[in-house]
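The following pair of complexes shares a single chain, chain A, combined with chain B in the former and chain C in the latter.
Up next, the complex of A and B:
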């Protein structure tokens, strides 16, 4: 795909190849140190700010997670070793929350990734009104998450006048029947309701990433394959899909990182009831309402450990894409 | 992929005269085009329904089956903006605006120099630094929430919009650094050097060489940071109360609503989402770059 010639030419355009370390000049050591600091200076404010605001709280969380600390019993504060972790991992609510988080994340990510792939493939072809369809697809992502959750809870899922049951009623009336099924969606399938609302919001995200991936395909090579008699399926299976692999990974991993953290939909649609409480919601409750700081922190550390695994994979994928972009 | 790629005849990419062949996307059959329209429509229906309902009266909004052709009214908006009901969303909307705009400005002030030090005059190990920034965005906010809350309580910053501004700045800084770096990387270094040799001052270099490449990027970055801050709920819900509450926190007041209020909820949801819709469509082309944290162009 990219010949050595292209690569080296691409290098020339991209400034940020690692700075060639200046040949160590024996007398100018001090000079070099000064110029190093001059280079670093513009970076420091952002770096220091980020470390202080994002890393310090995690260190404190880690320390508190080993403490017995409940704001209602301030006298009993002290270190207790791993007892918070033990209670997080044995407590029924916490264990359910961990399971709910995993199910919610896996379902939402997989379904929206597959839907997003389908829509991206459709949008990658030319047809009348393609721009309009693209805009329609992006719209759900541009609704404030709380507003979107309210919309689903009240305007769509509501058993009496929500759009879903209203449509069912309308269709049944069309055929002269008055007893359309009118399920109470959220009570009947609470977790699925939350998942549907989230899939609606996240499919556009997946679609955008996959569409960008599709559009970075080398079209000439694909046309060549077509001229050689490759079928549409063969082109998809052996050319498009391998090319999309990194983008699928990226969508899945970034989606997981965002959805593991989801608070808005669970808080709004079910208020964590009916078995939909995920870890962020339970942590919020544990420290905000129950004021059990030690346990909330231990649960927070559990979330971090879970996320680190995903984040490491995500960083690796980003790094691969990043190197490809820079080498192009 | 490489096996097919290697086999593909090179000649096909050129016309017989040797010019590069213009490759065009395959045209869809009418059925696939229709399918795309149907799916797009299904995804946008909830939003259209929200907008339509927001302009209906409460009685028309609560009918089953839905009354699509009911007369339009601003009743829902009047209720939401507190005409006669005594509720007032303006302070929370203003708080959201302050938090989003001020944090975005600070993000740009911090991210621009940082991106410069990571692209045009890169420090050593610049890519490690870049990935450190990215990793901070991937750690769940909820795990740092308690220390932040305790700090706010101790320092008296609870229910203070400046605390949110600082936190939103930290939340968006990694995205901004990544995006700005990729835009700055497109600035032609040769032209920078040429301008310097020709004796152009710093300001002139910035205006003539850097700005045309970077300004659209700065605009897109700001819009995306604005969206993330405007949408944020967990931090705002935990750290603000009556004084500094933001629009999403105000919206949570509708979670347990009962009775005839659907038009008002839809008006509220649409009114609060409108800035994001505008910003999002304005940044449409760069949206994916921001959402993928700069990994996809």
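Up next, the complex of A and C:
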């Protein structure tokens, strides 16, 4: 067992070999094809089962979202058309939640992408102990998200024994002062607190994707550019960055998809208070505290639509990547 | 590389380690501190104690923590096994069969993977209560499958695509039966892919919080992340920080062990699935 983290490809090798093209249809025509199907068709139920298991709940949500269904008023259950959607989109709380979700997602994705790029560039260099650093780097990603959120809430942001204020104390003591500022971080900047915790967890993910991108660069071309007198910055700006574009896009899109629906961090760190309630948290509240199933479902559908918009972009990126691999 | 440059890379490396590990080291240190020691403003505990660990393993919080640990292991292992089995069939079909709508199915699988959990939780809550699955193991295993299956299918078919399937025919030409060819040739080739998929699936199920907190109400099925969210101190005014720190350490250990043991495969699996499409 090795404690270093090496990607499957070594440095300096050519880009990954394109996946083998699908085998040509076997000769023999219809007869052969029927027997193929007979042999393999039993495998298809697994696919069908998967889709049913995962799609059925959504169909239920969709139906409920058009219903007037509040557990406190059981007699008024019935279909109401789009009124739930109207109230979701006009309600001030919901609109604030949508805005919070957008801000949270954009900030977390951008900052963790930037940090991840920095770390990936660093880890792309050869230096002693690189493997160890790389392994250490992914640990935040491995911590159970709730545990990570609790870690930030209780162990870092806490005004009395949190690591942040402890560090401030230490720095102030270095300069012979005893009254370091001891802010209550979560109260002072609730949304930023949530964002920082999420950024810490997502940087390794971005780093992994970008590192894979860096290592698939054609090194001989870069070497040639260097011989021709290009500076390090020029090489980065005109060769590395364009090559990384797709990987940056992929990281951004995958990250957004997951952070849009983040629930754990908001629930744990602020319980949605102080203007940090994002859409998933508001849905949870509408459902479990207001017991308004119809509205919660409608808001759920809104989240789904938002995710699908991002996901379509993501799928497109993935498929262009795939096509490029094939074209090479 | 010049010595000066080397120094800078070293500094950078150390900074990264600090950024990533300092918070983790801190929580480990907290988990060994006594309640009185928590606010002592020094990094290491003044007296190391197992108090917090005994609180959650044998003491007052063990009613909450131990069943949750058992539930999490049981539910996640079962969900992982089922999802590996199903996705093996599905990925085999995707890799071997040429049928219309194949891309659509893979696309749907990915679409389901990014489905907001919170939108599935709410209808399930009502449905489960009506059919008696609320607060039971199957009641969590089924939604966990909806989390793990799409990713499993996706990762596994990325692996299966790379398998040289001609070898199966070659084995048959050499006189092996279909079953033998599958069993002796394909299974060993596919094993690493299945294995990686299993780890990723377990990781996803183990980390879930939204389902865990919404679809359970007692220790009959409540998984660890949900239990962590419910920890409270001995009194309303006492933060259970020590116990939470200890629990967080224990919960994270299985995942870290798994990943450190098999990280090479996992990274290969993730990049295969994500970047090669």
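The rule we apply is simple: the second predicted complex is superposed on the first by the 283 of 328 C-alpha atoms of A that agree within 3 Å, B and C clash if a C-alpha of one lies under 4 Å from a C-alpha of the other, contacts with A are read in each partner's own complex, and residues count from 1 in each chain.
By our rule, a residue touches a chain if its C-beta (ideal position, glycine included) is under 8 Å from a C-beta of that chain, and two chains touch if they have at least 3 such contacts.
Everything quoted here is computed from the prediction, not taken from an experiment.
With the C-alpha superposition on chain A as described, chain C and chain B clash in the combined arrangement. In the superposed model, A:271 makes contact with chain B only, not with chain C. Set against each other, chain B and chain C differ in how many residues of chain A they touch, and the higher count belongs to B.
By the document's definition of touching, of the two partners only chain B reaches A:225; chain C does not.
Looking at the shared chain after the overlay, A:145 reaches both chain B and chain C. Residue contacts after overlaying the shared chain place A:285 against neither chain B nor chain C. Once the two complexes are overlaid on the shared chain, A:293 sits against chain B and chain C alike. In the superposition on chain A, contact is made by A:242 with chain B only, not with chain C. Taken together, the two structures place residues 1, 16, 19, 36, 39-40, 43, 46-47, 49-50, 53-55, 57-58, 60-61, 64, 119, 122, 125, 127, 129-130, 133, 135-140, 142-147, 150-152, 154-156, 158, 160-161, 163, 166, 169, 200, 204, 208-209, 212-213, 247, 250, 254, 257, 260-261, 263-264, 267-268, 280, 283-284, 287-288, 293, 296-297, 300-301, 303-304, 307, 310-311, 314-315, 318-319, 321-322, 325 of chain A in contact with chain B in one case and with chain C in the other. Here chain A touches chain C in the complex through residues 1-3, 5-8, 16, 19-20, 22-23, 25, 36, 39-40, 43-44, 46-47, 49-51, 53-55, 57-58, 60-61, 64, 119, 122, 125, 127, 129-130, 133, 135-140, 142-147, 150-152, 154-156, 158, 160-161, 163, 166, 169, 200, 204, 208-209, 212-213, 247, 250, 254, 257-258, 260-261, 263-264, 267-268, 280, 283-284, 287-288, 293, 296-297, 300-301, 303-304, 307-308, 310-311, 314-315, 318-319, 321-322, 325, going by the rule given at the top.
Residues 1-5, 7-10, 12-13, 20-21, 23-28, 30, 32-33, 35-37, 39-41, 43-47, 49-50, 53, 61-66, 110-111, 113-114, 116-127, 129, 131-136, 138-151, 166-167, 169-170, 173-174, 177, 181, 185, 187-189, 227, 230-231, 233-234, 237-238, 247-248, 251-252, 254-257, 261-262, 265-266, 268-270, 272-273, 276-277, 280-281, 284, 287-288, 291-293, 295-297 of chain B are the ones touching chain A in the complex. Contacts from chain C toward chain A in the complex involve residues 6, 9-10, 12-13, 16-17, 19-24, 26-27, 30, 38-41, 43, 86-87, 89-90, 92-94, 96-98, 105, 107-112, 114-127, 142-143, 145-146, 149-150, 153, 161-162, 164-165, 178, 203, 206-207, 209-210, 213-214, 224-226, 228-229, 239, 241, 244-245, 247-248, 251-252, 255-256, 259-261, 263-264, 267-268, 270-271, 274-277.
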